[in-house]
């Protein structure tokens, strides 16, 4: 029966029935007007979610990782210098990708648990009078640590330095769950995937691109076809796709956008905030600590939580899965064995969260954590009770 | 997002994905050998669930109510005398149906919350030296009160009186979730529906019939076609159906039987017992009372719970649904406004139950019940933690 | 791969994806306002399809057979005299059901292939000066022979005789596919099922009832509960159901009604007429004969076709299924072995029909029928080509 | 109702219900043993389909185009020389991709409709004594022209020349539908997608890689992450994935492999051959010509068909879609307006094909093609009738 349990990994997230049914669709001709109409409406509403009027959204049959690679291939050349902070596994992976693409990465290593350091970015950019830094890379929400960085602060740092670097943002685990303002924050490329806030299965890398980034992509000679922005853009503008689209994913995305816009983005964000508040209350109730060290930067989509010293967090997630059939996120990178993670994003309700927290408590109890049964769940209830 | 919440009404119950997918099937010819093979395997495995080797299982496109009516039409004549206890809404409804069929019902009224009174049955049967009582009707599990009656005790009462009355049992909310032993308990007709322990949508009335009841049905002249046992039996024996079968339900029932038999009936029953124990622990933790007054007769599939004096239980179930999107059973009949009910049957996990209990607590708290947040959920956790 | 083939039995019919997805729905509380709203809209739109403003539509978890039985139980008493024609298996079955319900049936036996004889009805009714005939039973579309009877003519016969008999109509294989005008034709009860023109799986018996029939039902004392009109009506009027509804079927029916009303009933009927014309052209092309002997009475939903003398029609349907994986209707009753049937109702397209006809031709050819490959399919193409 | 029609584009192909249901699956943890087990079994059975014991199969969330790019990125460096024939849109696109990756392509232009010229390849390779040609690129099945090339002949040409060039094959529209023997034909990389012979939605690029190609990939420094073979291989060998897998596609692929292996690859190929023979018979019956000019090279998965001079093939495909709701492939590249295409691959039956051919005939007739109604369909029937 465990297949009916909610899932608390960091994505893919629980897929609502509406989306599953929308995707359970027989093949239709992707060269027919019907597809074109659907697809155009999806691209248009995606702009609403990214909060961009001037940018363009492209969707590749891939994942967030593919989206990152697309961003690099279309705007940077081997040897280009980029600036990035490393403060978790996902920011680390992006740096690694840059290096594999022959980019020279100025890495700012920060404590895991802290956000991207806008001030240090500012400093480096101000020192780069020749403008050798071509792009600043920021992970909006570090999925490994549950930390949200302040993208607007980074934009201000760039502007203050009078610098021309592009601002590339990984919004994989934030977009459609937490506020993201592409235009207002001056983001040049924002990347996400279908399997987080959009509540779909994995399979789409979704990339929003500023006018400037599009112009750069048009002149860029790096070897690429699959992820080529100009080719995708040209096909999209004609209502089509440069190769076979992942049709069912677009039907699912149509339904997802309907759900998000029916609920209202502000309500969606508030719901995630409330879920996060409840989980954070539970963590405090347990007497455990978040990896995220600064309250204003706590993520609303994921909480990474340190286990007590001397125990292995993987035993906790294993037990929760084996005995209770519930999956939670494991600690990644530096946090392997030291932390576990609770995903609280996408299609998730108060009741599902309380069930998950209560389950974790039971597993902690069986592993003799110094955690009292009910201490976290009750704290979370108090948060939910207070809501309208 | 609330559509993803588990449901705690008393049926229909949560439908597992395996069953939903098995039922999501295009039409096939119900006169083809493929249907025949599937259908025969279903009827055969249903016997395993009813624990009958000598009886026959019939499945009508209807509901439990239709199954009851089928039982009456096929074995009793207007004017026949039957014996029944009234101790809840569902036993009451059965009595009402008998009366509408022109049967003379000896009603034994018992306190709601108590089981069917085998001793009083014994007394009446012993006094009926002429054998004018043609059938004894027992509700195995009173869904309105959460009380399980002892069918074997009723059988012993009949036997001790040397009486020939048929033993007709409503097993709608027990069969496939709690132990039911048709042959060992000498049951003549047992009725259930598809939407409880079998975890399907409503749409099938499932009736197991003893050899003796079949023989009676063959001679019975009451006006009936749709629910006629001999006609259904004859068609079934030829691998077919007397009219158009509810095909998708049989595909779903095949999957349901696979799930039940893979898990093992004993494990299924133990799982329901554990869920019930956890809910009962929560009720105690809340300081509330079960409607069921005798611990050995507490139901493992449903708990009916009195709210504190002076409050309306419907406000509780309304709030849980309106604010948290979770449905619980309301109080029925005498218990309207005085009790609510938690269904803990079918496809339900520890985590789902804890989420449900925590949700109820929040709603109670908002309605100013004298119930402490966490008091019930934590008590339930203690039950689950102890399991293997 | 054969599961992807269309099906040409007489129901259940091909289920469109829209309906399958609408039915693939998790349990929701049937006592919640959401169900009530859905259910009321379904009952209301059903009236549009039955073309009744004054009547009431009731839907029972059963089948067309259950619907027939409901009609008898609620309006007639044992010993009552009814008038019916027998001209196919389904009209025969209804007569048989009447007899099992203790009704006295005046049977008018007609040649199979002919419609219900309005003139003979008129004669009998005129001779019944005492009004002992309580009801006239007519099968609108004899599914066994592919013959549509003229219900309005029967109504006129009743009126001309100044007779008060009720007019009960089996519209199982006509309603929602061929024009049916409950009010204009003065029908008292019209019965259908979910698995024909409504394109759902079997599982609902749908019954439209005139004001007069409702009044009669309220006073009728026959033994019944499950199919009791007044109880169902009372529950429906309160937005609910007297027992557990087959929820998923109502979601499917909602979608079905949307599809029918979006297309427009006239367009739906025209589509069925065209399909029927094409099949009839094919039959002529093959040099075979319809069972239906009178062109104005040819059914638009099913064609029953005689095979050449000396061959067994079951060999044809068997071969089509075994070799090509396509199911057609077999000959029933008198026509067993002598005729096969093609269902052309519900969700079926020109292309599907041409595929079916071409398949039949191949099977005929292999069985050495004197039928030329292409002779029927091409004739059908000519019909379709001509359409707008 | 047209959504129920089969589809005859060249992919995505009709998705069987078994696969749709297998994919309609809630999220599970892709780091759990359950995923690992499923995934390993899929990769293993894919080897059976590619007929490789020594090679490795990798599956990327992308499409066939992504698979091609992966092949280039992992085995070739900018400036490398490759040899390729251009004889259709898809071979053209591959050449274009090579050029965009900075490869120097020796293009052999052939008539569209002819296969890849093994003799000309041989000649070029023999002249390349220094071994500057690093790879030979062949499109096994030109989807634009319906031509199958002889891969073994190309392998023999390479071997005869004693050349070390890699053999890279586009098997997008052949693999799993026509025989493909990776090991026996000495193929180094074979590329396909999920949406053709595997009958899934688009979303996976599937790439089989020889031991030698894997070794080359390990040393290759080209900029890549998403499509990196060594990283994917390493993750796969540990039972996992380097990023989020398209989970539902793997569930679908598991079902697809079950279907293919249950039927037997030889039977699958024979079924496609028969479908192709029937379509070719229809083309002859119509008096039209295939684009493919050499019978031994006619494709078994797609037929490209010239329309009569002076008419526009797009009007034909438009009319078939608009009036009859059936999609066929349009002419591509040089063949735009001059040819249409019929896909006869994947989940398709004799009956579906006959329906499709009959529909085309009707549309041709309405456009006043000199084609007789029935002339093609009947010819196709003759092919199907003859089969066992």
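Going by the order they are written in, the chains are A, B, C and D; count residues from 1 in each one.
By our rule, a residue touches a chain if its C-beta (ideal position, glycine included) is under 8 Å from a C-beta of that chain, and two chains touch if they have at least 3 such contacts.
None of the values given here were measured: they were computed from a predicted structure.
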Chain pair repeating A-D, as identified from B-C, A-C or A-B when over half of the contact pairs by residue number coincide: B-C
Chain centre separation (chain B, chain D; CA means) in Å: 54
Centre-of-Cα separation between chain D and chain C, whole angstrom: 46
Cα-centroid distance, chain B relative to chain C, in whole angstrom: 34
Junction residues of chain C - those touching two or more other chains: 3, 14, 17, 24, 26
Chain-level touch network, classified as line, ring, star, complete or other: complete
Footprint of chain A on chain C - complex, ascending: 17, 21-22, 24-26
Sites on chain B touched by chain A in the complex: 1-6, 14, 16-18, 24, 271, 324-326, 347-356, 358-359, 361-362, 365-366, 373-374, 377-378, 381-382, 384-385
Chain A - residues contacting chain D, complex: 3, 7, 9, 11-15, 20, 23-24, 26-32, 60-66, 68-69, 73, 78, 96-97, 100-102, 193, 195, 201-203, 222-228, 242-249, 321, 327, 330
